[in-house]
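The letters A, B, C and D name the chains in turn, as written, and every chain counts its residues from 1.
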Amino acid sequence: MNPQDKMSLSDSLMLVIRRDWLLAMRRRADVLTTLVFFVMVVSLFPLSMEPDPNVLRKIAPGVVWVAALLASMLSLGRLFSADHADGTLEQMMLAPQPLALLVFGKIVAHWMLSGLPLVLLAPVLGLQFGVPTEGLWVLVAGLLLGTPMLSAIGAIGAALTLGLRGGGVLVSLLVLPLCIPVLIFGAGAVDAVLAAKSAAPNLALLGAALVVSLAAAPWVAAQALRISME
Amino acid sequence: MSEFFDMGGRGLYVWGSYGVVLLVFIIEIWQVRHKRKMILQQLRSMRELGDEE
Amino acid sequence: MLEVNDLACSRGDHRLFSGLSFSLSAGELMRIEGVNGSGKTSLLRALCGFLMPDAGTIRWRGEDIRAQREEYHAELVYLGHLNAIKDDLDARENLRINAGMAGIRLDGKEAVAALRRMGLRGRETLPMKVLSQGQRRRVALARLLVGDAPLWILDEPLTALDVGAVGLMQELIGEHLARGGMAIYTTHQPLEVAGVTTRRLALS
Amino acid sequence: MAINWFKYSAPSTFYGLAGKIAPWCAGISAVLFAAGLYIGLVVAPTDATQGESYRIFFIHVPTAILSMFLYLVMAGYAAIGLIFNTRLSAMMATALAPTGALFTFIALWTGALWGKPTWGTWWVWDARLTSELILLFLYIGFMALHSSIDDPRRADRAAALLAIVGSVNVPIIYYSVRWWNSLHQGPTFEVGRVAVYDDTMRQAFLLMLFACWLYAAAVVLWRVRSIILERERSTQWVAELKEIRA
């Protein structure tokens, strides 16, 4: 075999991302379901109360963030389970690249398919709640920094609950408490702007947490996969 | 004495706290003892089955 | 090349086997035998590094496999009970992606050639959904034709295969051994390679 | 003289050792509880601002401290079990979880009963109570994960990893909740805050803290004995125990 036939680390990373993207495109309904769920949860809040514009504006960041959290929990079940069921995960673990790298690829793909659409849709929902423009920007910035973290931390939970009965509920039970800081800083950023304060500290903390979790979570999730595959 | 149990009108809260603690401890100790009893019983019956063979 | 020393494995708290030692060198073929539940699959999974042994060592080229995971994986092909095949993709896409996952870049032509060798001419771009179980197994086995990994670990490779495909497998393993490769497998069907004595390892 | 720690890490040795230590822990704990409750409820003076309801402090704060401490101990045992593959450490982690969760529950319950007379609400979203609530979720997650995996070794290892991830997160969660709380309500609104000005208050608090700690030790050791028997049931030494031969 020629040396140029071997794949570099970045080639393998791209392969995993492209593969998950391709598979999702063949099953677009799954991506859409998550998105519709997100919109639906957010829309339920005004219906469950007196739609006072002032109150709605106040609760908007929290509602959007909680809905984003729930929507990404919903899609976590698919992260490894299909690959586990058909044996692809075994082959992934036997790849000559570090497993953490491939897991990182899957996290990136998961975020592009379930996190990014939420980020893009969030301003529209913000407008429904009467959030002013500067608040919308901060909401998007916060979600952009926060949703990859949900995918990364979620990957750990998904790997730990691989192939278990009732894995879907269990994964939320494990992952949601760990995501609380993300929720606090993300929703806090928008709150700060709406209260005419700077959102910078919140966003800086979110950014720092993102760097740390993207560095650590793939490795931890890889260990979890090894445990679960035993 | 009744003054002690009244706790300056806050008896419900103070005794509610300590009472639940007592209850939780009793339940936990009972549960631990029960678990030990069950496992010993199980091991004994396993042993008897082993002796018959 | 592959040395197993005093290996012990268990499932949960139940011991499957212990004190297992053997070695396998270039050109050798080994068949693992034993009744259901004797730990054949567990042994193969331990050899891949999935299962942590309770005791003992597994060495590849003199070094523990856990100390050199990536290097070892580059020289290993494992085919388990599961085919690692995606229903939403076609045969060619499946093979190219699986090869890529194993670090081998495969162009469309090479993939088609490998699939044709496995007797899948005309099925290369059909969605996997419409293929039969035996044909899916053939797509999975096509992984053996790409790359040059010396160690093959095959768990029941003949499941769902017809007589023709079994003959093809015997041929493929023979070629692999002639190249200096080695293979270790389990099977409930007869699988003999002409001119090679199969070593047998019985698990009790 | 060097102590052979590995000897005590064998489940068979530890089973006997735990059986000897546990009654002592329980006995001392009972004495300390009696002394602590007497000083805390009878001797210690009434608080000037909060009245008698501050006496919940003597049980709320020790259980809150221990609930966090037990989580860290649990994560520590879990980490040792994961790294060195020692079976006993994993069993200890499993035995610690229910007691930790119960202490968390007590801290929450007593916190609520403190909030009502002091601020007029059953629940305040202050840093300590909120962190306790999240801690309870973490404990429940640990136990739920452990019990939903059939293979005991996988269960030990998966739950251990979760506990380690959780213990890294506990301080982050605590400080993020604190920071969020300081932005919204101000730091004055914290359950468990008492100006300790009297020596008897300090004594009662320390007595109760050690009493709770020893109670936890006793219960965990008793529980781990059952877990050891359950997990080692097929071994020779279990079959030879006199409590089973009897």
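Assume a contact is a pair of C-beta atoms (placed from the backbone, for glycine too) under 8 Å apart; a residue touches a chain by one contact, two chains touch by 3 or more.
These numbers come from a predicted model, not from an experiment.
Asks: Spelling it out: a chain qualifies if it touches chain B and also touches chain D; which chains qualify?
Replies: Chains in contact with chain B as well as chain D: not a single one.
Asks: Looking at chain pairs A-C and C-D, which one is connected by more C-beta pairs in contact?
Replies: Result of the comparison of A-C and C-D: A-C.
Asks: So, what's the distance in Å between the C-alpha centres of chain B and chain A?
Replies: 43
Asks: How many angstrom lie between the centres of chain B and chain C, each centre taken as the mean Cα position?
Replies: Taking the average C-alpha coordinate of chain B and of chain C, the gap between them is 54 Å.
Asks: Roughly how many whole angstrom separate the Cα centroids of chain A and chain C?
Replies: Roughly 36 Å separates the two chain centres.
Asks: Using the average of all C-alpha atoms in each chain as its centre, how far is it in Å between chain C and chain D?
Replies: That pair's centroid distance is 49 Å.
Asks: Can you pull out the residues of chain A that are in contact with at least two other chains?
Replies: In chain A, the residues touching two or more other chains are 230.
Asks: Which positions in chain B touch two or more other chains at once?
Replies: Not one residue in chain B touches at least two other chains.
Asks: What are the residues of chain D that contact at least two other chains?
Replies: In chain D, the residues touching two or more other chains are 151, 153.
Asks: Let me make sure I understand the interfaces: which chain pairs count as touching?
Replies: Touch list across chains, by label: A-C, A-D, B-D, C-D.
Asks: Could you please specify the touching residues of chain A with respect to chain C in the complex?
Replies: Contact set of chain A toward chain C: 1, 4-7, 11-12, 15-16, 19, 22-23, 26-27, 85-88, 90-98, 102, 226, 229-230.
Asks: Quick one: in the complex, what on chain D touches chain B?
Replies: Answer in residue numbers: 37, 41-42, 46, 51-53, 55-56, 59-60, 63, 98-99, 102, 105-106, 109-110, 113-114, 116-117, 215, 219, 222-223, 225-226, 229-230, 233, 238-239, 243-245.
Asks: What residues on chain C touch chain A, complex-wise?
Replies: Going by the criterion above, the answer is residues 48-52, 70-71, 73-74, 76, 78, 80-86, 88-89, 93, 97-98, 100-105, 147-148.
Asks: Any idea which chain A residues touch chain D in the complex?
Replies: 156, 160-161, 164-166, 170, 173-174, 176-178, 180-181, 184-185, 188, 191, 209, 220, 223-224, 227-228, 230
Asks: Could you pull out which chain D residues touch chain C in their complex?
Replies: 85, 150-153, 231, 234
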